[in-house]
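Following this line, the structures themselves.
Both complexes below contain chain A, partnered by chain B and then by chain C.
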Partner chain A sequence: MTTNDAGRIPSAAGGAELAALYRLLTWLSPAFPIGGFSYSSGLEWAVEAGDICDAAALRGWLATMLTDGSGFCDAAFLVHAHRATELDDIKRLSEVAELAAAFVPSRERQLETAAQGRAFIEIARSAWSCAGLDEAVAQCDVVVYPVAVGMVGALHGVPLEPLLHGFLHALVSNWISAGSRLVPLGQTDSQRVLAALEPVVVATADRSLHASLDDIGSATFRADLASLRHETQYTRLFRS
Partner chain B sequence: MRSPLQSCSASEGRAVEAALSVDHAGGRSVLRRQNVGYPLHVTRGFHLDAARPDLLTLYLQSASGGLYAGDRIALDVSVARDAAFHLTTQAATVVHDGRGIGALQRQTITVDSGAFCAITTDPYVLFPGAELALDTVATVADDAVLCVADGFAVHDPRASGRAFSEFSGRLRVLRPDGHLLLHDAGRVSGDELHGALGPFAAAANLIIVAPPDRLPSVKSLQQAADGCGALAGASRAPNDAGLVLRILAPDGGTLSRATDAAFHVAAAAALGVTLSRRRK
Partner chain C sequence: MRADPASAAADIFEANRARGAVRFDLRLQDGVTRRHHLHESGSLRVRFPSPEDDGLSAMFVNTAGGIAGGDRFAIEVAAGEGSRVTLSSAAAEKVYRAPGTPAELAIALRAADSAHISWLPQETILFDRARIHRRMDIDLAETASLLLCEIVVFGRTAMGERMREGEFVDRWRLRRGGKLVFAETVRLDGDIGDKLAQPAIANGATAIGTALIVPGDGALVERIRESLPASRGEAGLSAWNGFAMARFCAQDAASLRADMMAVLGCASAVPLPRLWLN
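And now, the complex of A and B:
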């Protein structure tokens, strides 16, 4: 299928859901060129420090990041960005984008989310053009990754819930991909971790759907320190 | 007129507004104005550093055994052009049961052009039920230096099993024209702390606002804190404001030593000399 002139999903019966699915699978695929493979969100330091040494430890670390850390925060920012864009509330979108950019614990996490957000917007402009994108982006100083996904998803008419679940799945998959290279883990163990985290992803998505901007916050001191310590780690494969 | 007992009642707490103004005069930094009332007390000024004889150091003390429910403490610190000032505490401050109304400590800091200001507070020791909110607003000139350190440790002296209620901290740093450089905010409840800190029981932040050529390296800050038995991580602050150091420690004593060691690294980079140890 191809996008129509305005970029929004055609509303013909049956076509809308399939078009949304097509775009979701594309945007949140590891092959979508935003460079996700080069970031570990501090996992690289956690592995070197011995905090993560096997599949069980990786699962526990990621469950905490999802529930109490950047996973929940990013999910909630995606939700608010999607809703503000859908309502064409540019002022609100700008506020969400500004808060999301401030909600990172370290310079490398800032690089990670800002660079991916920028890349996501650029590719959306180039290959998945849609009406309103330039205007929305122009209102934001920085568009970090979850805000970019929420904004573009809304402009394309992709429903919020599948977008949110797809985003969290992509986030966790990318973390596991980093972990599998660092620990290292086999393919089967990696899939076991992904399967085990499914209920955590579902719960995080549900909580973020109902979270106000004031509810957003993280309490992952050690994971935050991991992303800080990564800046001075001697040997590094990843940019964060 | 209320009696002292009434004014100190736990149900009302105490409202105190204190102010310290430091000027540079005659080659030294001097306390130009001091307005400090009970329960706060400041020592006389010390000039402890032979390598920086102009630097004024003051110890801020609590004369009442810590912070109590309903306390509202406001401290205004102003450091004038080219002055150098270090305000610290003599020991940790106990925060008692907040009884549902908690305690609030507000700080307003102004650091003029060319000045150095450090406010390093020993950890707040959170007793069961303690509720403390710290709220600091700092206005820092482009070429000035500000170091702010604060944190908390947890203590349950009677092994009651009760956690503290809540600890929150907020720091906003502005330029004189009102431009916001950084906004650091955190809040944690006692019930959530164990899961959040893991094996640690104390946490602190050291925020350094300075021009780039007066900042220490990230690694030197981390190593100073790590060398005391803590786990620390630092990163550059947004808007080229300076550096932010986060510290975790197993107890308040370790946290205090780690914070102090990191502060000395920051001060050496900012002032070009190594400051002497602050005896406590």
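And now, the complex of A and C:
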């Protein structure tokens, strides 16, 4: 039997923080098999259209997606899902899940977040099972990606803040990975973009911790248009 | 005893805020849509021009001439089973500069089975330093249909105005058969002109628009794409969760409206209000 049958990290036990870190690094690693590499959140169209042509343009586009786009919204949905799960507030959790699932700007972004959420839950069930997961999932019609991470994290007793920062890091890294393949950019340039976005991630995480469900919102009209126009892009490497 | 000056100023401010509400419901009687209950108050009014077919047209008129900070307006329309209504506005809605308190506008549209609502107001124009919070709650029965278009222009572009400051929060929730199928909150504040300049936001464009079509599917989107002429601004289309959406971003309201009308022309059998065609 695996060691995590009981699932939740015993908070009193020594090494609890390290166990949380181990799980967090696993779930948010690009190697965690939810297929993140196959989505670009519309970046593929933005590169095709010439909006993103170098590292500076990629950094600017992603900073906006973090601050005023899906980065902030998804971060806030994770926060609300984590809190509702931790409080065992099933009604609240199902509200958060419903809102997050409807809060997408295009068919492909819906596919992106719903498919990754579903995969995340399935792998959590089979390899990282924990008490309460089936009950929590049963309350939700669709569990999109940020809700899945918040929910599973809370059930395992992973604290919210590191989980949130890990999630945003994974999100940005995945965007940069897509962008660097498309532009294309070298590995050093990609790392420079990631380094430059660190303060933006920190600020976005901070805002999302204090955002009510009604505060969640975005203004990335052209990033949303990019994900709409990607549907008819002639040659595509990515599913979004 | 004297009231302190701050609270007196607040009272005067409050007393000068416009309030307006229009609520009505519609019923299908002998194959014709008729209005049933109608409530109007304050500076928001509704007129019903002569019907041109079996549906009803309703035209909102804001007698206050525009929306200022702290104003509160509400519109509620309930379309009964099988009824059809086209809702529009007599003029572009101007949102004036506001000192602090945002204006609030709440719109609730409900459509019962087989009912149809078209929501086709003229554009909303935000002046520099305008503040407005708008909510749009749409509740459709499973077999109801909807055509909704909204255009927002940031700044009086004809006079080259740029929004240096302001607040725009636009919260949309669309339910179909009780299930939330689309939710969005557009949120822009601070130096809005500066934000609109960012490539992932508007790349300097000042007009944005959204059309929702329910029911809508991939086949509808394909049909629109095939017959769509080249757009003047940027446009994108998609369908999921049983509805279709078109999004627009353009330099000015006229270009955006032309693009939107091209999409609607391909998308819908609903005739556009005459005001749109002027």
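Just so it is clear, the second predicted complex is superposed on the first by the 233 of 240 C-alpha atoms of A that agree within 3 Å, B and C clash if a C-alpha of one lies under 4 Å from a C-alpha of the other, contacts with A are read in each partner's own complex, and residues count from 1 in each chain.
In this section, contacts are C-beta pairs under 8 Å (C-beta built on N, C-alpha and C of every residue); 3 or more make two chains touch, one makes a residue touch a chain.
The shown structure was predicted, so the numbers you read here are calculated from the model rather than taken from an experiment.
What does the overlay on chain A give for chain B and chain C, a clash or a fit?
clash
By residue count, which of the two partners contacts chain A more extensively, chain B or chain C?
So, of the two partners, C touches more residues of chain A.
Report for A:Phe221: first if it touches chain B alone, second if chain C alone, otherwise both or neither.
In the superposed model, A:Phe221 contacts both chain B and chain C.
Contacts for A:Ala102 in the overlay, against chain B (first) and chain C (second): which applies, first, second, both or neither?
So A:Ala102 meets both chain B and chain C here.
Could you tell me which stretches of chain A are touched by chain B in one complex and by chain C in the other?
68, 102, 105-108, 110, 217, 219-222, 224-229, 231-232
Inside the complex, what are the residues of chain A that reach chain C?
By the definition above, chain A touches chain C via 46, 51, 57, 60-61, 64-65, 68-69, 98-99, 101-108, 110, 141, 214-229, 231-232.
Touching residues of chain A toward chain B in the complex: what are they?
Spelled out, the residues of chain A in touch with chain B are 68, 102, 105-108, 110, 217, 219-222, 224-229, 231-232.
Given the complex with chain A, which residues does chain B contribute to the contact?
Checking each residue of chain B against chain A gives 183, 187-188, 192, 195-198, 200, 203, 218-219, 222, 231-236, 238, 246, 248.
Please give the residue numbers of chain C that touch chain A in the complex, ascending.
169, 171, 173-174, 179-188, 195, 198-203, 208, 225, 234-241, 245, 247, 249
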